[in-house]
Amino acid sequence: MNARPKIGVYICHCGINIAATVDVEEVVRFASTLPDVVVARNYSYMCSDPGQALITEDIQNMGLNRVVVASCSPRMHEPTFRKTLMSVGLNPYFLEMANIREQCSWVHEDRIAATEKAKRLVESAVVKVRRLEPLEVKEVEVEPSCLIIGAGIAGIQAALDIADAGFKVYLVEKTPSVGGHMAQLDKTFPTLDCSACILTPKMVDVANHPNIELLTYSQVEEISGYVGNFDVKVRKKSRFVDVSKCTGCGACAEACRQAGRIPSEFDEGLGMRSCIYLPFPQAVPAKYTIDKETCLFLTRGKCGDSPKCVEACEAGAIDFEMKDEMLEFKVGTIIVATGFDVFDARNKPEYGYGTYPEVVTALEFERLVSASGPYGGKVVIPQRGKKKKKKEGEEEEAPRVPKNITFIQCVGSRDKSVGNEYCSRVCCMYTAKQAHLAKDKIPDAEITIFYMDVRAFGKGYEEFYDRVRREGIRYIRGNPSEIFRRGDKLVVRAEDTLTATPMEHETDMVVLSVGLMPRSDRREIIDLLKLSSSPDQFYLEAHPKLRPVDTATDGIFLAGACQGPKDIPDAVGQAKGAASAAMILMASGKVKVEAQTSVVDEATCRGCGFCVEICPYSAIELVEVNRMGWPVKVARVNEALCKGCGACAAACLSGSIQQRSFRDLQILPQIEVLGVSD
Amino acid sequence: MVDQAKLREVAREVISREDVRLLIGYRPGTYGFRARPAFVESAEQVEELVFTPACVSNLASYLVLEEKPPLPRGAEPDNRKVAVMVKGCDSRALVQQMVEKAYERDHLVVLGIPCSGVVDMARVEARFPGVLSAGSIIREGDDFVLSFDGKTEKVPAAELLADKCKRCRYPTPLVSDIMLDDEVERFAEDDFSDIAELEGKSVEEKWAYWAEKFSRCIRCYSCRNVCPMCYCEDCILDRLKPVWMRRSVDISENTAFHISRAYHLAGRCIQCGECARVCPVDIPLMELNRKFYKDVEELYDYEPGLSTEATPLLSTFSVEDREDFIL
Amino acid sequence: MAENTRETFEPNIVAFLCNWCSYAGADLAGTSRIHYPSNVKVVRVMCTGRVNPLFVMNALQQGADGVLVSGCHPGDCHYMQGNYYARRRFTLMRRFLEYLGVEPARVRMSWVSASEGSKWKEVVEEVVEGVKAVGPMDQFKRRQLNW
Amino acid sequence: MADKILKKDKAAEALKELSKFRLFAPAKSDDVVLFRQIEDPAEACLDYANSTVPPKKVVFPQTETLFRFKLGNPELREKNVEEEGTTVIFGLRPCDARAMSIVDNLFSWDYEDPYYLKRRELTTLVGMACVTPPSVNCFCASVGGEPFGTENLDLLLVDMGEEYLVKVLTDKGGKLAETIGSFMENAPEGAAAKAEELAGAAREALSRSIDTSGIEAKLPALWDSPLWKEVSAACLGCGICTYLCPTCHCFDIQDEVEDAEGRRCRMWDSCMFREYTLHASGHNPRPTRKERTRNRISHKYSYFPGKFGVIACVGCGRCVNLCPVNIDILEILGKVVEA
């Protein structure tokens, strides 16, 4: 380490990506004049095998002990070149990169200015690399267990894969049942499989799998630790029903004084439930839950003379004294599979959702068309706000069957006016599917779809779209501007943009193809796990292409629509990817931890504790040491906990705690070089 | 005013305790009106102790200034307590030192001196130049009474009072084991109008003002060394690896020195004013410290040196912290 | 160095960018080929929490005409709190430097996320313009290696 | 050359004339008097007690470049002090002038320091006699000086009220006096006698003194005396007493490198600093302020006289006046004498 630095500087053309804007030859000439630089070279692609070979040969032949690569962002190829160094026995932390592509050639036009800047960046890298120190990459054990947050199809699939591989899974679901949005769907495009038929077996599997601990009606409250060693606290919310006793018979729900008065979340409010309820017939676990927001006994302390559900329950499972339970466990990896919300159509008031009962959302339509739904699978205009349960003897008013149904695509997607620029990816296909189902149920219905573009990109999608069109479904290219009532009809005002014809289209029913939104409660997870968001507010992956299931934090992965809108095959595919990523860590049993950690100079530390207070990872503590006979307190860093942020180093008044690879001694020379005005 | 006999009596008792190794107080200086620190290790020495308005030093500095050269093998460090006399302002240094874990509370025996203000010795010596023989200063109501060379002069207190005392918020020690006098009620307010006035100048005027001051600096580091909050084992100013600022004495490095010194006291300076007092070239160091003090109070509602339970200002944050300048 | 006039003055700005948000955002500006002025030169740190406010002083002393510290938006810090610490430190340092007579336009801070390539461009442009307006740093710049 | 008279109302013109040289004179910066390079006579403040920082800084700058270098290039560019040209220090106190002659010993001993000596050669010293002692702590007469001392001065001015009596002491002084000859007139008879009278009164007015005989020999014997702990207990370890001392001359050498270019410079250092004697190993032969205080006093009153035959203290009183905690060299010397 103390050998005189012998630095090699390697400047990449990146084809013409760099060379077109930066005079690479000039940068090489300049670099070769810098102190301690033994060799400076350029090459068309430094990251290629021959490019890397240039470096390894020089290390071996010229005895280089420091390397600067001036090329793309270190976020791109730092790992590549670290490996290059390692391959010939040089410590990988003797590398510094100068980012002359993303932050120079690609963003500047003036060749002279870009070349000057590239020179400065290279010089800054040289002065830093000269002072770098070799670091040891340490390993920690990985707990062979995984926390999966969210039990929709993505969470379920990831859980099953990991559990099948023999690792323990804690599957945490906020609602009383697993299944997520997929359970609400009727058929799935393009195959028209019954959603429940393909999902239910998996739901049952997660409940029965010996390696899966299913925690429904539960929420993650606290996560601390680091990759391989996360400490998790989960709140198991009280169901007020002892699940070990509940047989799922449903007598309680029948008996509930509020039966049929509480809008069912599962049925998107089109159907009603009791205060004690099973979200849907195939719910897993098939255990009842008392909704403490509406239960009379829980909200008012009184439900008639005594709660009817208690009377009805033969198993004696109902327990109003039940408390939330806190579970604590350790996991090695975490998968976030929290899914999405659908766009709230009230944010497009021009479509009259919430005003006209004939305007429904696509998810409501799924419930309408589902045989298990509130209307038994009949496509009707739902009777909103009317109690479905009539008093004895009162005549049922039959729901109206529409003869003319209109679908509007891209509601809340590709729409800057509501802040959603992105395409929700599923609406084109589910609209086609729903149109098909409507036609199937009401063969004489006239069905029209207003669309902006039809994106049928998946396997079998274009074929399905073609089939639907041939069924006599009318596609009109145009984004309707408003919907209003005329007599007993609704009128959709739009322009057919293919013929440039303004039109008023009369219809009995409108289905809004609402888009997929980031969950409204996403902040909870962001705060728990320190995830980042992309501009669309979905969780941000570590790399959009190459690390789509990873997050910036080691050991935490993303699955399903929480990362961005996805259809079922994509969600399942990503879930399997996330599962596999987590399993790599758990199977190897070890993981390398941050090497660029903080370190204390115990000889000068005055033990003030500023760093202890500041460390977000509680990685620093004060310990008593003997300094030449005197007992003194000094800070000490737990390197397994330290994540290498360096906040301690900036807080230390005496500079006694330093971050490796980002020491004051290494940064100040960079400032000296970059600060000089040309 | 503190009864000098009582002070000595208390001091005698304290230094006679087996668990106390040192008492730091004041004694008369070598000439004129000066008083200076006294280091009492035995009961015989207490006779020289005084407390008068000439006792300007903040003795809390000595608690952290003590050098610890290598102990001979087998020798045990003397861990007995240190007793220290503190005025209101000085006591805040003790509090802040404890916030920063310099020592435990039970390391100290604090002799608190409720204080109605000390003199600015430069003002005294300008008013009565050439006084060599021992002179005394006592406070009588709104006046200081100065006796020297057989004469007695009465001067309105405001004319000789140190600036820090004219805006003292905490005249009575915030921490003490033995209070040597009755509590002094707050007699002054601090509205930071001096700082606000400077803030109101244009950037050019401000720089001209400070460039003049900083150019005088000879980097004797008396401001640092006298400060009760400056006690790093190895100050970054002295480090050669890395060099935070060069040894060169010029406007650039001097400015860097003063920025560093003041920033390192942000949220830590307890306004004892010692730095400004000792500066041989009269750099108004408190105007630097007070800028941070004012901002810290305005922005974060934080005053250092009031509670040993406080979290150091820059080791904490609030999500709601202002950020109006951030793009 | 030729005497800079206000018109031809091209400021030199040292920026400290956190690896996870702002550095990534600046990279994204690159991948998106968003052009911006070349005056800003970046020192990469893992977190704005690492940036000692005295670095600002060093950069200005060394001759930088301005300094920019850019990190993750509040709440998004990869290390949870680093940007909050940085915010306090730089708020105080910036006000202090202004008090000494250093134009506040020279000491800037921004939140630029990994997805805000275009915001990075805007920040750079704004900072460069701001520094251009106040001219070269000459308050306590090192007179480089003078006798 | 005979004594001259410079009327006070001509002083400004004379200073104006002298400002064609590198002219240093006492000037006020707020209330602090410092020697500054003067371009406009109005800046000068001749009616002063003494400067806070002694004028030694003119010939021994606090920071000075010795040479510049480029890494990897054996050629050095040395500082040419000659370029600074003729320098005049106007109005310095006799003690401070005498201090320079003491410091000369050091810089021309086994090694002749070209920077310092060249600057001394280029510099003409115009003294200002102390008609009244600048401070209550002046004790120049105890260490070989006096308020009207002429040692090492080229010219001495005596404030006679309306005018300055100008005594020409050296050829160098004579040459300088010639350049401002047109602003002066011959001193009347009796002026010298009046000045003598003033000198006598000034000597009488010195209020502090110490008998230094025997101190040089006594100090080494007091190496282990408890008095050092006692007198240094309050010491803060700052550099006031040394930096403001006109005879302290310790320096450090630092390389300031920037990029591939750098300079080697010399800057004041202080034996009162911990780093002064700190070894690279971490060992410090003067581990505490006690040893440093002992060294400061011993150096001035024992080691330096042992080597050069003169006490390295001129009794200017600055260290006493400005010590933040009233550490008083006369008190220490008194204890040494008593011990």
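Going in written order, the chains are labelled A, B, C and D, and every chain counts its residues from 1.
As a convention for this text, contacts are C-beta pairs under 8 Å (C-beta built on N, C-alpha and C of every residue); 3 or more make two chains touch, one makes a residue touch a chain.
All figures in this text were calculated on a predicted structure; none of them were measured in a lab.
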Core chain by centroid distance, with centroids computed from Cα atoms only: C
Most contacted chain pair (by C-beta pair count): A-C
Greatest separation from chain B - chain, by CA centre: A
Centre-of-Cα separation between chain D and chain A, whole angstrom: 73
Distance between the centres, which are taken as Cα means, of chain D and chain C, whole angstrom: 46
Length of the line joining the C-alpha centres of chain B and chain D, rounded to whole Å: 31
Whole-Å gap separating chain A and chain B, where each centre is the average of the chain's CA atoms: 55
Multi-partner residues of chain C (at least 2 other chains): 53, 58, 61, 75, 81, 85, 89, 144
For chain B, residues that touch 2 or more chains besides their own: 69-70, 244, 250, 314-315
Multi-partner residues of chain D (at least 2 other chains): 256, 258
Interface residues, chain A side, partner chain C - complex: 73-76, 99, 101-104, 106-110, 113-114, 116-117, 120-121, 124, 526-527, 530, 532-535, 540, 552-553, 596, 614, 616-617, 643-647, 649-651, 659, 662, 664, 667-668, 670-672, 674-678
Residue ranges of chain B in contact with chain D within the complex: 29-32, 34-37, 39, 57, 61-62, 65, 67, 69-70, 129-132, 212-213, 215-216, 218-222, 224-226, 238, 246-250, 274, 277-278, 280-282
Complex contacts: residues of chain C adjacent to chain A: 1, 12, 14, 19-21, 23-24, 26-27, 29-31, 33-38, 41-47, 49-53, 55, 58-65, 72, 75-82, 85-86, 89, 113-116, 121, 136, 144
Chain B partner contacts - residues on chain A that touch it in the complex: 603-611, 613-614, 622, 627-631, 633, 651, 653-656, 663-665, 668-669
Complex contact set, residues of chain A against chain D: 33-35, 123, 603, 672-673, 676
